[in-house]
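Below are two complexes that have subunit A in common, paired first with subunit B and then with subunit C.
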Partner chain A sequence: MTDVQTETPVTPAAAPKKRPIAWPLGLAGAVFVIVGSCLSWSYDGSILNNLSINFYPGGLQILAIIVAVVSLVLLVLDKGKLGWWLDTTAGLRSLGTGLAFFMVLVLAAISVESDGLINVNPGGYITLVGALLLAVAAWLMPLRHGLRDMSKAKSPAWAEIAAIALLMAALLFTAAYALGLDDAWLFILCLVFIATIAVGLFRTGAMSWVSHAGQRHRKVLTLASFAVAFLFPFTQDGSDANMSIATSVLVFAATAMGLNIVVGLAGLLDLGYIAFLGSGAYVAATLSQSAFATIGWKPPFLVVVLVGACVAALLGLVIGSPTLRVSGDYLAIVTLGFGEIFRFAMFNLDGNNGPNLTNGPNGIPGIPDLELFGFNFGAVHHPFGIELGRFSNYYFLLLVLTGGVILVFSRLNSSRIGRGWVAIREDEKAAEAMGVNVFGLKLLAFAVGAFLAGLAGTIKAHQDGAVSPDQYMFLESAFLLAAIVLGGMGTIAGVLLGATILKLLPEKLRFFSEYRLLLFGITLVLMMRFRPEGLVASRRRQLEFHEEDEKLADEVEHQLVEEAK
Partner chain B sequence: MTVTEPRPAAPAVGGTVLEASGVTMRFGGLLAVSNVNLTVREGEIVGLIGPNGAGKTTFFNCLTGLYKPTSGQVRFAGVPRKAPKPVRPKKGQPAAPAAVQVPELPKLSPLPPKPRAVVRAGMARTFQNIRLFANMTALENVMVGRYSRTSAGALTSVLHGPKFRREEAATRARAQELLDFVGLGRSTEHLARNMPYGDQRRLEIARALATDPKLILLDEPTAGMNPQETKQAMDLIFKIRDSGLSVVVIEHDMRFIFNLCDRVLCLVRGETLVEGTPGEVQSDPRVIEAYIGSGEDDDEDDEDDRPQDITEEGTS
Partner chain C sequence: MTESTEDKPLTAMLEVRNLEVAYGKIVAVKQISFSVEQGQVVSLIGTNGAGKTTTLRTISGLLRPTQGEIWFQGERIDNVAAHDIVTRGLAHSPEGRRIFPRLTVEENLLLGAFSRRDPAGVRTDLDSAYDLFPILGERRKQPAGTFSGGEQQMLAMGRAMMSRPKLMMLDEPSMGLSPIMMKRIMSTVTELQRQGTTILLVEQNAQAALKRADYGYVLEVGQIKLSGTGRELLVNDDVRKAYLGED
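== the complex of A and B ==
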């Protein structure tokens, strides 16, 4: 990049007026936080994993220290050469504010959990003051102007790969740590910590460098992500509690990725998608060794998988061919109806109203664990001396499935079929006039989506051990769609993130479950208002949602031209 | 005839490519197109003129299958069901004419009123109001045009099978070739919505050419262009014709149409008023009357439909 040099600021003197007090104030704040965190925060040692011992920081205190150390690093960098690359002020502001919020929450947690603020020890107050100092100092510091763009930073490949690896390791560690917290307060506080660090890193621009590094080393990134996902069960020490959540997240994520093909790529609103997962699960259940299975044929599981997926795909074709002629809201209503029809059909095929296929509302329980190539998924295994329980086994299988779904998604997206889908979304009439098989492509999206959901369903039936109609209600379809909208339509990372958030939070915040729907509703409304393209925006979707934004279009074009080089 | 400048000699006009007979389109009580006949032969440029609301675009839509005509038949020298194998350009041949290849003409057969079937048969179009895929790049837009000439299915796409890789590379190369052909070779990665107006028009033509047509229908290709861009558009259309395609153009710019076309068809209120060579049409008093009115029913006709071009001709 030769033109980078021309865009850089002239001299540091061009910066707006500096308040000399800000920097030392920030330093003092960070030191206060670290010192305060080493002291006792609460009188009561039985709450929040024991924060009551001096000079022996507990979990939350360590989190506070981490934020303080990152702030210190930023403060130091502010004076150095890197300060012209990183937007340290913006980063410090979010770190300081986040940390202050974190501390307020901690004090609130202490007073709620053990009768009143009286139980807060001086350490807690010192840390709070430190956090506030840090926040104030950061807001006093002048905002940087004319920073160099981190995305244009050139760095050796090994550094970029190391950064990706480091990030992934941090991700694995954090996930293992956060999932290990069984206290709701701790979990929320940990989320606040993660959000603070993440926002801080994004604001400094460090993440844009990492994301560009990720684009340059896409294979490394993909491999590293799968390695992290693969290693996760090994951090759980044989405990099934988190692994059962992780498997349900994976089933949900794989299904959401399948729906993402229908909604995100082909642009068809499907509100009955869960029925395809259900049909796969029911096929697996009726063909399983369960004593309640209604069909005598017991084929091996690999055949069941194919049958289940094909039945789901067939259902997709059956429901798709008449309904895909309507579009938009009408399609949503028709598919919603189909989802309910499926549920009622499963409910009523109990021998009284028709053939006995599903045992009606009782469902089919007692589905045995899978056994593939002599590997029993129900048993506990000990590779490398690490205990892996039943859910871990399913986790690996589901991981392979999710990987496969992602592969199908991304490959279809970058093929002639994917281009056709984009063209249909952009201008259906023009696409048709250019020879794109509009109806066929829509039907294909429906069938492929249904096929993948059916595939996931067959595994889900064995993992759950039972199927019943009420697992496949409309609400589940709505959640799948919410995961896609929240995460970012048409993206892989976004939908995985959305699925994780939507499945993980309710499991961890049980006390909140009554307000779960309310909260999701509010979140979605806010998302639609402020970031309709989702948390992780696909480039194309972003453009579609911001038709008027010329600047964005120029930016995207610039990236495209860069990539083509 | 001052307007008709010397132009490249038309290649020998070949067999009939398109034959529309008695095309009638009725929307409820409105007769938009009434009993229009049009024959286009190989390597011919046919102009379609008429005041606003004369039914030109409706007629186009009937030809391309967007509308099903109320009555009448559209017959086209359709290609066989299978797409022809791409012919490799021979060495030493200039690149530009090789960019568009036209296979041998088969017999005329009726066109089904489905846009996709029409494209497959070998007729492509552009739109009056540009309808590009705005958020795709120029290259992607043209690649979409290749859709009907490729057939890689879902399975080979997912597995990256040999067919997928071969087709994808060919599609990309062909799209780039066509962008070069229309003069957009340097804007490959630009978003369609960011391109200048004239480039968008040319991109639309490139996208239509990507469907390997034998006949291309251009709906007001120079609307809103300045004289220089209009000249470029004319050159491009000649270039397309010279590579063996037939062209039908709707235009309001009379100078443009009379310089460009071998034959001109004038539609007024859905009916054919005159058909003939540019010379015949431009000197026909009825055409002038249709455009600027005869004085008796001024209020009925469209006054601001570029009458200045006609007056020029009328006085010359």
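== the complex of A and C ==
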């Protein structure tokens, strides 16, 4: 995988206890899984995309084979030179355990979907046994000590770039594949597979190499991510089902990224952020060509975007200037109230109480599709002979928007203003003594955040085709905040990931919808217990939550030095 | 020993006149007046609760006075915003150091230079801060919270220096430090004075503060009880009894 340039050859410290049986056992397990997966798993061919044919593995069987092959690779590497770098034991443990869990779920799925375990064919059991063997073998293997520091692994630039490209391609393929699964069991099993592989790669340290490579080639990584996002609609065969989910994910992600400026950078808890998205959407709706629009002025969309964003920013200033002088809890309460006031105002501005701006609870339906520079967003287009439907058009527009918001976020983050925000977040009083204009910068964060949300709102109105007050409930603000906390406050990748998870899972797991909030709550509690800094943690927050961990402090310091070079 | 400085002409770098500061109904500082001349080290000593920190916080604009005037370099600043005061060349190293523990040394120092807009000059000053405190240079990428008290104090002083102040106010730099570290910090104060920075030093440790002071004021329950040159105050009987633990 890598050309390793070592300065001094260091032999790994002697392992504490060798169990010679572990390695062959693992090998046998992997082989069992592969063989078992080639055989039929289920008697019933009508479920789980047909796992019933011998020597013609279906989707789930291929997933099992992939895990087994990765395990085989790790087993081989364990004996070789790369074993000094990769924590193969930890990787195998998570792969084995994950695969065993996967197989148990498969058998459960077969017995639930069909009629009981009677429908499981020998192949299924062989694979389960193989997975269990692999897991047991991995737990028997000694933990590795004296591993080399992955951050010191250097490899040729082309290899690193190729690895990034490969990973991104895999990401695109996986996303397209997972979204194509319309059976809930298949989708969940696919998620288990993704989690198993991801945790396995992280545990071995392979991902740490990739992330170091990514830091060295940041531009390549950014470009590749956008290329993947850009190519996604082309994998959908003109189907709008997944694209409608993807566009709503993008609206959510762009809004969450705007809130990330307020919460993640400036440290201001805003519980009514959805109102800014709403005000942008309502501005776009009332100024649109809809027959229900209440304002006679019909400016071109680019003007509407500006007006919507400015109205939202103005609202941000109005709500911010009296409240940002108070700290923490008060701000949260005031913004919470503001969010609800916005919703009720939209509900009541129906002509009975005051002017008719919003048509009250009916909202403004019939908002026509956008038309920019002669490009109709409602029409189906065929670039390169590939059909792209209505949602794909909006998807591209929203992708540009999201990219813009990310750009604003990262530029602000590394600017003088960003440093001021960090200082305010860390210690407001000290920041003031340093000459940071605390009130001014807080207000700016609020206004910028509101502006970006308003921007997203104007597009959202056209994409949804209608606005109504109940789209902007408090729950939506809470979800936005949850996406940030879950993903990793103040980070870009984390918030994108959090937003994707929070928007995608409920859409794909519709049959869970009654338990959605329960599951969501449990997830948040577990996260706060085990990984309070979020899935993707910024270094600073890691320190905040694990202050006692000296090893981590050393690592962080090392990373910082690395970055400074 | 002079009593007050009522009608002196405005020649001093910092001039505080009849300053009164209250927290609600509790008056913490009552009608105090003092001045700091250019190039001097002036000490403000007093026990806990005497109003020393309140005075500094009011001068740097973090608190608003209920009465009185503050003049800095011939301009009235008692109604100017805190961030503007820093820009005018008055730095404040707050009580308890208040460094940013999760930020690195370098990030802390750069925040000290927040009011400045000359990146090249900031770079130079960063280097001179590292020259003055080599330990900061060695650990520039380390989170500041991992430092000892003395190192944190060095960082706090370095951070205050980064705004290139004409007048630096230090609030109890010796608090919680070992005698050796305290000596080190105090000699830095002298060094800063030599480099041309005027210093207003607030201390509970009267001995250390007065030894290096050109002039000193003794604050008691919000009022200035005594003033004089550092030497005068050091040998003053009342001061010796109250602050130097001698009979």
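Quick note on the criterion: the second predicted complex is superposed on the first by the 546 of 565 C-alpha atoms of A that agree within 3 Å, B and C clash if a C-alpha of one lies under 4 Å from a C-alpha of the other, contacts with A are read in each partner's own complex, and residues count from 1 in each chain.
In this section, a residue touches a chain if its C-beta (ideal position, glycine included) is under 8 Å from a C-beta of that chain, and two chains touch if they have at least 3 such contacts.
Computed from a predicted structure; not experimentally measured.
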{"item": "Clash or fit, subunit B versus subunit C on superposed subunit A", "value": "clash"}
{"item": "Contacts of A:L223 with subunit B and subunit C, given as first, second, both or neither", "value": "neither"}
{"item": "First, second, both or neither for A:L444, with subunit B first and subunit C second", "value": "first"}
{"item": "More subunit A residues in contact [subunit B versus subunit C]", "value": "B"}
{"item": "Contacts of A:L407 with subunit B and subunit C, given as first, second, both or neither", "value": "first"}
{"item": "Subunit B versus subunit C as contact partner of A:M434, first or second or both or neither", "value": "both"}
{"item": "First, second, both or neither for A:A159, with subunit B first and subunit C second", "value": "neither"}
{"item": "Touching partner for A:I417 - first (subunit B), second (subunit C), both, neither", "value": "first"}
{"item": "Doubly contacted residues of subunit A, that is, touched by subunit B and again by subunit C", "value": "416, 419-420, 422-423, 426-427, 429-438, 540, 543-544, 553, 556-557, 560-561, 564"}
{"item": "Touching residues on subunit A, where the partner in the complex is subunit C", "value": "416, 419-420, 422-423, 426-427, 429-438, 440, 540, 543-544, 547, 553, 556-557, 560-561, 564"}
{"item": "Of all residues in subunit B, those that touch subunit A in their complex", "value": "64, 66, 115-116, 119-120, 124-125, 127, 131-137, 140, 143-150, 152, 154, 157-160, 164, 167-168, 171, 188-191, 193-194, 207-208, 210-211"}
{"item": "Of subunit C, residues touching subunit A in the complex", "value": "60, 62, 81-83, 85-87, 92-94, 98-104, 107, 110-112, 114-115, 141-143, 145-146, 159, 163"}
{"item": "Subunit A - residues contacting subunit B, complex", "value": "407-408, 411-412, 415-417, 419-420, 422-423, 426-427, 429-438, 444, 448, 540, 543-544, 553-554, 556-557, 560-561, 563-564"}
